[in-house]
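So, here come the structures, one by one.
Heads up, the next two complexes both have subunit A, just with different partners, subunit B and then subunit C.
And then the complex of A and B:
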């Protein structure tokens, strides 16, 4: 193996695997941050650290790295890179060198995030970086800004690359209405990235302008406005939820169709109504993050309506998923367990989001543990389960080898128990006593102690499950048995080449037959 | 390097075949890392020496990366770059949208505009700058048309005129900035200084990038290496930068 053909690679599959390695490393680091927070909260009073600012740094690192360093790069970096050219029968992406630039910018972003643990003044601004705190803190807000900027730029050039690739490089016979749902989801995600990431980039840039160059964008004393930042930030960061949601539900679609041996139910409604609907509505719901920050009532009600409206396209996608299971020949290999786990976790996360959209309720629930529990279910945990399931699903394609089913399933069940122990209890304590989130200590809420301890134990269980999963991949990649080219019997195009695919993917440019369809599993 | 290679790779797809690679993207990425460190050393840790060292590492890395990239791409006509530029411009436009929206909110809420402390802004210079930029858009368009007809020498001349006009624009902008800063008007003076320097500076950085893109066409062009697709893409970007200027000049200077 030639090491420079890995580090400097322009091949979409290797770029994808570099993305995977980086994002899993980010996941581990951010997971350790969560573990430290859970350890700190396992008892009242100082436990791990006596310095609340240290706790804030963990909080920053956990959120920023999980979202920007793990989930978005794993979904739109790894899965998109690895799968899209294979799914559309292309030899590579449109701009392989831009792709290499994108993955190394991602690594630069991760390095900047990791500098948090080295520098004397780590950023302590959460992943949101709200002014005025972020412009007056002694923490290093510049590294927050540049972490976001490099990762954002990596994502933008990735988006340009993939949109061009899918538009121009599909093999003959792979028409728009025969694209994998996953490809549609990635298209939707990247259109949103292109529109919204630049706004986030501007917002965090203006923070550093304010802090280091003396401008007054968010300085009310001089005519600026802190709410402008909140608007710019959430204009991206709410759609970011869909940037994570669409690819992960796309991965789940591929897994469910393959293991249910069934065509996707209501394909066109899922694509045009579901994916298209989410992209359309995504840009006009962000103000619900400012319910508590203040706004006129008519705007609150409008935002409540449009936020609830998001349930319609999302519902179309869920109906398609469940309809695909209906009368399918279902088998429960590890990827399928994860996919069904996602459906379950997403239903809990989605339904518990409705009270947060309703203004009368959210004013009470806002800033409590309930919110944290909700978004971990709907985005963090469901997204991570989809990533784990997807890695398992394409594992034989990537490595040509098979992982251990036993450890795969064990890892799934352990993690599944752990996440429910943490996040169900989290929502429960948020509703029952309104325990405020983000606090370093909870001496005023001694009745929360037992719940906190259950959550801390749950976090340890998650750590065990995740460790089993990651070790299972590493061991499987090194010494797993040969898997064959298409172990799942999938109809999707990526399984028509050998495993692992060579440079160029196919010996000669492929084309799809008239009768081909990624979900052609026969009539039910 | 990474183009035109699928066919040659087809022969050895079974084992141990050669996989394409490219060093420049790696160099550029880590060059950017050092630029970030330079910013942090200067503005956060106030260490001029460390900042200078970081710049000394970062800038050569980026230049080497860009030069290497241009060399590799030469002759491999990236035929899809025109379509891709449209997506990229969408993203770029959104950055300007967020700058302008922030500005509009501040402007509309301000008790008086321009706020106290703003000096008399030049009225004529922005007109001249507008004219220069508009003419540069026409010259590059004309150059492209000549190139399309196969007149490479004519194209090169008009490209040089365009670059000259772009550089003139930047020079006038720099003159204006230094003049204002000399008068004591800075980004920190008041909200108008904040807006003025941020938006014109950000637009100016785009003019600069546009000029670099043109240079990457000009230098190989002297040796006869001209890619029509690349020129068309560069021209599209330049027109975009030009259109943004209309918003800058109408919103920031004359409103």
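And then the complex of A and C:
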């Protein structure tokens, strides 16, 4: 195994693992930023740094890196790359070299994001980059623009690759209605990326034009409009939530079906109603991020209704997921704990989103800790739990080895306690006193101190849990016992080849039997 | 000419839908009459939605927990025993939950719309104040030109409307006690209103749109006075203003 082979690899599995390594590194860096913020907030007044700009840079780095450097690349980079060709019986993706380009671009993007910490004028525009602030700050907005463009471009070419792969490279017998739910979720996610990423790209390009080239797109003094940016940004960034949600719920479906040894309940409802419905509705709800931004009243009401209607496709997915447990034969290895954890976290996160869909309620809740708690439950934490569970689930596939079940479960429970201590308290204090987010200090809210301290302790607990998890993977990959080709007894197609699969995946092109189905458990 | 065909159950469905619609409208009208104060309306609707989501959450959680416990694997190699759904059952499992979710959505949306109207329809008898926000202060200007900074002085019992804009970045004027905020930005005028009730009380104003380095320190207060006190104060300030004008 030499390093050059890895860097210049075109094998989808290695590209996937490169994505995984990069995104876990990004997760660690962004997690350290969260830890620094929690330390800063553990007391009123300056704690870790006396300079609010430093705090704002952490805030920027935490959000931008977690979303653009960790979750999206881990889900649509690592899982998609590693699993999709294996799940559809293909020897690789349609365009392997383009795939290699996409992972290189991803690393360039991550390096750009990490340069934040060495340049003298780091960007401090949050992950949202709203003008006019982003066009007048002394922070380096160009870094933000180029980071987003690079990662966005990596994602677009990944999208073209995977859509082509799934449409054209399915093995004989793997028909549309026998695709893994995860494959459908990735298709949905990439359709959205292809539609919406260019909009984000234009938005962040225009702020750099305004700042460095003297244009006036968002400058009202010269005929521009500051709200245009917010519309463009959220027209992408709300669908981006589903670009994270769909793959992670797809991973959870695979785990739940395998560990419950059961059919997916109402497969077609989940695929066509759930995944399809979310893709369809994703572009009609962005105004709920702009409920207090001075948008026209009719838009704020119209998109309240469309936002609430997301509950229908999401509800179908949850019913399918919970229904898959019905009459199952459930076992509780680490991946399953994470999957069930996601169901729990998603229930809280999803349902606490309903008040935020209601325009009038958001007039109070918007920009408070309640919002931050909500989206951490629904996207950040549930997504990360799905990623952790998925890495555990396909760990024997990737390495041919087994991780430590004891440390896996320990890591799960520690992290689970930590995230609830942080984010439940966060929502609670957000509603009770309206504590605003993105505050370096909160002198005007002295009653928040105790909650802040509980959250800071919770963050430390999460750090311990995440460290146990990552160490467990590293140690398992180096010295874990042999796992066998299909340790979970899964029916899904990726487990029909040896673990780890060789270059080309199968010795000769495989085909699926008439009776094959990724969820064909129970009766034969 | 094509023959009209009636779908089975069509009439029953229409009756149900009609019933649902009239119930929704009735509850909207009722809600509209009850709530003259957005802040009170907010607390009312929040509690209602909280009950709604708690019930849904508990139902799903109990079902999931029951399945997890009831269908544990008892012997290695055991497989699930669920059979596939019939076509009718599969459709029913889409239509019925879909209808229930949609009905709940529309019910919440109707309530939310009604409260939204309370938030946006400012009573005619009101005190209007112009707000210019900037890094990092709230600058209020009363109709007669009296200006204050970071202190909004208002009479109890009278609706206060703020007409807002910003001289630099985007800020958001948040009044946690009055359950309302709205962004202020350059190039557009936005508004919000609230109803101060108790004279002698002070309420926090704080910025909730990231506006720059000192964002978290951008705070002020609303000071509520009795109508008489407010008038005295305003007259004094107006007089000062007049003196200033004479001096220059």
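As a working rule, the second predicted complex is superposed on the first by the 522 of 524 C-alpha atoms of A that agree within 3 Å, B and C clash if a C-alpha of one lies under 4 Å from a C-alpha of the other, contacts with A are read in each partner's own complex, and residues count from 1 in each chain.
We take it that a contact is a pair of C-beta atoms (placed from the backbone, for glycine too) under 8 Å apart; a residue touches a chain by one contact, two chains touch by 3 or more.
Since the model is a prediction, treat every value here as computed from it, not as a measurement.
Three-chain overlay on subunit A, with subunit B and subunit C fitting side by side and no clash. Of the two partner chains, subunit C is the only one that A:300 touches; subunit B does not reach it. Applying the stated contact rule after C-alpha superposition, one finds that A:53 touches subunit C and leaves subunit B untouched. Look at A:392: by the touch rule set out above, it reaches neither subunit B nor subunit C.
Of the two partner chains, neither subunit B nor subunit C is touched by A:248. Once the two complexes are overlaid on the shared chain, A:352 sits against subunit C while remaining clear of subunit B. Touch criterion met: A:262 reaches subunit C, while subunit B stays clear of it. Of the two partner chains, subunit C is the only one touched by A:438; subunit B is not.
Of the two partner chains placed by superposition, A:495 touches none, neither subunit B nor subunit C. In the superposition on chain A, A:91 makes contact with subunit B only, while subunit C stays out of contact range. For the overlaid pair of complexes, the smallest distance between C-alpha atoms of subunit B and those of subunit C rounds to 12 Å. Counting contacts by the rule stated earlier, residues 224-225 of subunit A appear in both its interface with subunit B and its interface with subunit C.
Those residues of subunit C that touch subunit A in the shared complex are 38, 41-42, 45-46, 49-50, 52-54, 56-57, 60-61, 63-64, 67-68, 71-74, 77-85, 90, 93-94, 97-98, 101-102, 104-106, 108-109, 111-113, 115-116, 118-120, 168-170, 172, 174, 176, 179-183, 185-188, 190, 192, 204, 206-217, 219.
Residues 1-3, 5-6, 9-10, 12-14, 17-26, 28-30, 32-33, 36, 39-40, 43-44, 69, 72-73, 78, 80-81, 83-84, 87-88, 90-92, 94-95, 97-99, 101-102, 105-106, 109-110, 115, 186-188, 190-191, 193-194, 197-198 of subunit B touch subunit A in their complex. The touching residues of subunit A, when paired with subunit C in their complex, are 52-53, 56, 124, 126, 130, 132-133, 136-137, 220-221, 224-227, 260-263, 265-266, 268-269, 273, 292-294, 297, 300-301, 304-305, 308-309, 311-312, 315-316, 318-319, 322-332, 340, 343-344, 347-348, 351-352, 354-355, 357-361, 363-364, 366-368, 431, 433-434, 436-444, 489, 521-523. Chain contact summary for the complex, subunit A toward subunit B: residues 2, 4-5, 7-11, 14, 91-92, 94-98, 100-101, 104-105, 107-108, 111-112, 121, 140, 142-143, 146, 150, 156-157, 159-161, 163-164, 167-169, 194-199, 201-203, 206, 209, 212-217, 222-225, 228, 232, 235, 498, 502-504, 506-509.
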